[in-house]
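In the two complexes below, chain A is the common chain; its partner is chain B in one and chain C in the other.
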Partner chain A sequence: MLEVSHVEMRFGQKEVLRGVTLTLHQGVYGLLGPNGSGKTTLMRCIAGVYRPAAGIIRTPERIGYLPQRFGMFKQLTVYEAMAYFAALKQIPARTQRKAIMECLEQVHLADRADDRIGALSGGMVRRVGIAQALLGCPELILADEPTAGLDPEERLRFKNVISNLRGGPTVVLSTHIVEDVESTCDHIILLYSGKVLAESTADDLRAQAAGKVFSVPADKRCQLQQPYHLLREEAGTGTLRVLSDLPQPGDLAAPTVEDGYMLYIRGRM
Partner chain B sequence: MIRRLQLVRLTFRRTLPLFLAPIVSAYLVLPLITAAGLASGNWEIALENLIYGEQALLPVGGLLWAFAYLQVWIGSDGEETMRACHRGKYVCAAELLMLNIGFTVMLLPALAAGTLFFGSLWTEYARLLIQVFFYIGLFYFTAILLRSVTMGGMLVLAYHLFCIFFCRNTEMRGYCLIRPDVLAGAAGFPYILLLLSGSVMYSIGAWLERRPDRG
Partner chain C sequence: MIRSIRVSNRVFYRGLSLPMSYGLVLAATLASLIRLTQGALSPVDYLTDSLKLGIFGVLYFALAGYELTSMLRKLGGQECLSAFPGAQCGLLFSHILVLLPLLAVWSAVIFGGQVIYFFQQGLDYPPYLLHCLLAVMLYCLLPGLDGLLLGALLERTERPSAYGTVVLAVLLSSSVCDELFAGSSLFGVSPMAVLDWFHLTVPNGNWMADANYGVPMEFCRWCLAAFWCLVLTSVLLWQYRRDGGRAVPIAAAILLAAALLCAARFALRGEDDLLLKDSRPDGILSSEYQYRANHPTGELGVADFSVEEYDLKITAKGALKVSTTVNLSRDDLREYRFTLYHGYEVSSVTDERGAALPFTRDGDFLDISAPDGAKAFTVLYSGKGWKYIANEQAITLPGYFPYYPIPGHLALWADGSAQTVTGLPPARFRVEVTSPRTVFSNLPKTGHNQFEGVAEAVTLYAGLVDETVRGRASYICSPVGREQIESIDLERADRLWQEWCEITGETRTLDLAGKTVFIQPDTISACGKGDSESVVIFDDHILLANMNSTPETICAYYLLEYLPSDAERGLLRDVFKQDLVVGIGNWSGEKPDYDALQILREYPSMDALNEIGDEEQWFAAVEQYTSASERFHALYAWQCSQLGRDTVLREVYQYLKDSTPSQDQVTFLYDLGGAS
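Up next, the complex of A and B:
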């Protein structure tokens, strides 16, 4: 279990986290928020990289952490890099090999164990990062923007790895990609401007936006009633996707998690 | 202990040139410059060459080992991941002390060989080890304080060069803790001061390292 209680963090005069309080149990949690909302700072505080200015963080003993910027030793082989983390995590020498190979198998890199890190693609290095986070049977896994820089196939693979962790450790994924959260997370935490806006689920977010999302033909743009929020212009169909509490000149559209997310964020803008 | 040794071994595996440089200095460069003195038939010149070379090269060699290890831990792309393994409470001081001991052991045969030619060089050996201990402590402290191994290394290197170039200057030599111009003992060398200040810098470095960035 992870407990974050009234955590505050500031850099100089800038308040980055403002009294963040969370209690996370087993399951996959998505930490969702726009850039600059404090996601990375919160993850670093939980991982122990930063010490909060105020508040308490209680974490399990064993943590796996994949930071946003994951650098590895390019001269080492995948196995050696994993061995480095195994030594850091104080995994006994006699069980290291088995533990390392199991983690590499989870991210489908067991056959690349003897390859140098420098010879791997960016996506593969990211997978090594995920493997090292899984090393040592962590009770809490923190992954900051885990799918950043991954191609669609790699992203799918990553989602499968996370899905396989269900029922095991508490997993926290920090991202601004709503689709990733929608497909992998049981719970969603919305962070905005250093504060927790809501703790929800994908279904809840969709339900929140139900009846407020409209698909409006582009030629009726001038008939839109204020206030409304233009989500996007659908390429090809020539329609506008609009979020509004008021009826709009178009059809109601099926709400998505992204719509629910925007509803919350828009309310704070 | 074994796991810490594993970390050091893997670190050196990725920074092999930095690891090998002091060994090459001790077992190739120093014998060559000493041999050049011996070739002239003057043993005093040969000993002077040896002391000068040893004082100029080997303390920097110790620094290189520490640099190779710390560059992974300070300001590298992997730092965040590694520090998270211990919730930000890991300090490198123990590994640096192990490197210090390793450096001591590595130099033993070289100094023993020197003793065969020039008589006892053990005071010289002791001086060198204390200097290396001081340099690594100073480097650790400055690198952690400045959050940059490059800046920390440059500062220590700048001081080293200052010592090499100004040790014969009567006004400046008082500030020189590296004295290639004299044998150990002859300079009234401040061993205790070096040991104490080295220990203090190690301790402060470890204390600073244990404190994660605070908001």
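Up next, the complex of A and C:
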């Protein structure tokens, strides 16, 4: 279990986290928020990279952390890098090899174990980062933008890895890619301007947006009633996806998590 | 930690740039050492030149330290590690630990060069190897470590600022800044005083090491090197105080406290007798000249008493500290006048009952008042003696230098150079020296660094000094210098003196055979303008400052010592001396024209040409003077060929001895043997 209580963080005069309080149990949590909302700072505070200015963070003993930017010495092999992390995680030497290979299997890098990190692609290095976060059966996994730089296949594979962790550790995924959260997370935490805006689920977010999402033909753009929020222009169909409390000229669309997320964010903007 | 070291090792050795650059540094070091080997240097000069490589150690290990420790940050791996308490700190120090053996190997190569040169030169003086080892540690290993720590400290900065800082540190540590700021002053503060704090490599890149002193390695210099190591490690630890648990800030604080102690010791080095081989106000090259320029010698006078017995208790650590008890020939005087070098500060004077006596100090003079008379005094004093060094590393206290009170007001400085104090009545000396070195003296030894005997003066030498016995003579000299004691044949000098006395009519006697010969270190001869210290002869020992002394040079100096040294006869003196020492050669040509020598009558010495204000005229005069002095040499040779060398030597000597000559040197030499 992870407890975050009234955590505050400042960089100079700028308040980045403002009294963040969370209690996370087993399951996969998605930390959603726009750029600059404090997601990475919160993740770093939980991981112990930053010491918060105020508040208390209680974490389990074994943590796996994948930072936003992961890199390792290019001169090391994948296995050596993993062995180094295994040593840092105090995994006993006799079980190290098995644990490392299992994690590499999970990210499909077992056959590249003896390759130098310098010879891997950026996506593969990211997978090494994921593997090291999984190493040692952590009770809490923190992954900051875990799918950044992964190809679609690997993203899918990562989601499967996370799905397989259900019922095990507490997993916190920090991302701005709502789609990732929608497909993998049981719980969603909305962070905005250093504050927790809402703790919800994908279904709740969708429900919140129900009846407020419209699919408006592009040629009726001028008939839209203010206030409304243009989510996007649907390529190919020539329609606009609009979020609004007022009825709009078009059909109601099936709400997504992103619509619910935008509903919250728009209300704050 | 072991895992971190393994990682650091792999990162270093599997990379290309760091091992290759290290290989280049090693190769360049080896090449420099080999090149130096071919330079026919004395071992101590070879050591000094080798130590100049230390600056490259600072540069390379600072850059290597930076590159290795900043690598993970640049790759973006730092954040991941910071989630593990102590991991960043551990990895940083493992990087440093991986570079340390490389630093040690590089230093060992420089030391190895010394060992090879030691055997190549056939030296039989093992203490010198220890000196080399310590010198390499102080001027290569520790600066390299400082550079390494600096590089690690810059780990979080970007490359341009890190490299800029390293280059600045290297410049501050080298003697480049010394050259720039020598003799200058900023707001009344000498930049040298500030630069001293960065002098981690050889103190001065331009000057050769002193053979007796070796490379300066005074205690305060070790404190400086330790200060930088400790302070940089402390700051490094402090940077990771949150990463490594409570022990890290505690360790940082302890190291900082130790660093401050070292800094305090270095800051308080003012009283230490340091061999400062640069032109700063308290350095040996200029300090005495500046002092003498501002402090004219007072009224001179001989004493109406003598010292029958000296009891000297000398401590040579940092500064010289002396307790001298003198037993006097008379106890009925109210004032006793002594000469004691001005650099020694007298703290007390007591009589034989222990009662304090009033005294005054005026430059080199020490006047002690004794209202009821006194049979003995004890004088306590301490300080430093300019180029007459006495500290834990070496002692160079020649008997002609008043480092103990000598009766009378005597001149220690004249005509821009140090004067020797000789010709004193013999006294009984009991000398006890507290020094980590083995001390050598002209007096018979009575124990470890203890001497007793009757002599005119006491000479004390220690450092890279050893005794060599050849025939009846004993030579106290540095086995690692350039002195060629083989050329100093004292018995031949005695015979030569006899011959010269017969030729010139000189009546003084010279009995050198069997005396102890002290070969003066370079420091003595490098700082003196005059010849007064080149050959100093006492009743029981001789001090030779000339680096290539021969029986001819010794006898020539002794012969000319008491002659008037007026500039008007300087040229003839030089020609005469040249004839005595190396011979003037034969002249088969015509007698040089008297008119062609006119400029020598007008300007008897080269210095006199400085009266000419106009630059063009001055250049023309110098050319004319040079040509005329060559003709003057030719005239001397011509006279020798006409009158015989012995006749010329005798006549010239008598002329030079004459305190009121009736002729100028040109006319005298020209008319020698009859005007023509």
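Here, the second predicted complex is superposed on the first by the 269 of 269 C-alpha atoms of A that agree within 3 Å, B and C clash if a C-alpha of one lies under 4 Å from a C-alpha of the other, contacts with A are read in each partner's own complex, and residues count from 1 in each chain.
Everything that follows uses one rule, which is that a residue touches a chain if its C-beta (ideal position, glycine included) is under 8 Å from a C-beta of that chain, and two chains touch if they have at least 3 such contacts.
Keep in mind that what you see is a predicted model, and the values were worked out from it rather than measured.
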- Are chain B and chain C a fit on chain A, or do they clash, once the structures share the same frame? clash
- Touching partner for A:Gly250 - first (chain B), second (chain C), both, neither: neither
- Query: Looking at the overlay, what does A:Pro169 touch: chain B (first), chain C (second), both, or neither?
  - Reply: neither
- Query: If you count the residues of chain A that each partner touches, which comes out higher, chain B or chain C?
  - Reply: B
- Message: Output check: A:Gly194 vs chain B and chain C. Expected answer is one of first, second, both, neither. What do you get?
- Response: neither
- Query: Counting only touches as set out at the top, which of chain B and chain C does A:Gly38 meet: first, second, both, neither?
  - Reply: neither
- Message: Is A:Gly260 touching anything from chain B or chain C once the two structures are fitted on A? First, second, both or neither.
- Response: neither
- For A:Pro146, is the partner it touches chain B (first), chain C (second), both, or none of the two (neither)? neither
- Message: Contact-wise, after the overlay, does A:Ala93 reach chain B, chain C, both or neither (first, second, both, neither)?
- Response: first
- Message: Which partner chains sit in contact with A:Gly30 here, chain B, chain C, both or neither? Use first/second/both/neither.
- Response: neither
- Message: Applying the stated clash rule to the superposed structures, which of 181-189, 235-243 or 379-387 from chain C runs into chain B?
- Response: 235-243
- Message: Does any part of chain A touch chain B in one structure and chain C in the other, and if so which residues?
- Response: 44, 47-49, 51, 63, 65-67, 69-76, 80, 83-84, 87-89, 129, 132
- chain A partner, complex, touching residues on chain B are 2-4, 6-7, 10, 13-15, 72, 76-78, 80-90, 211-215
- chain C-facing residues of chain A, complex: 44, 47-49, 51, 63, 65-76, 80, 83-84, 87-89, 116, 129, 132
- Query: Can you list the residues on chain C that touch chain A in the complex?
  - Reply: 3-4, 7, 10-11, 14-15, 71-72, 75-77, 79-85, 87, 242
- Message: Give the list of chain A residues in touch with chain B in this complex.
- Response: 8-11, 16-17, 41, 44, 47-53, 59, 63, 65-67, 69-76, 80, 83-85, 87-90, 93, 129, 132, 142
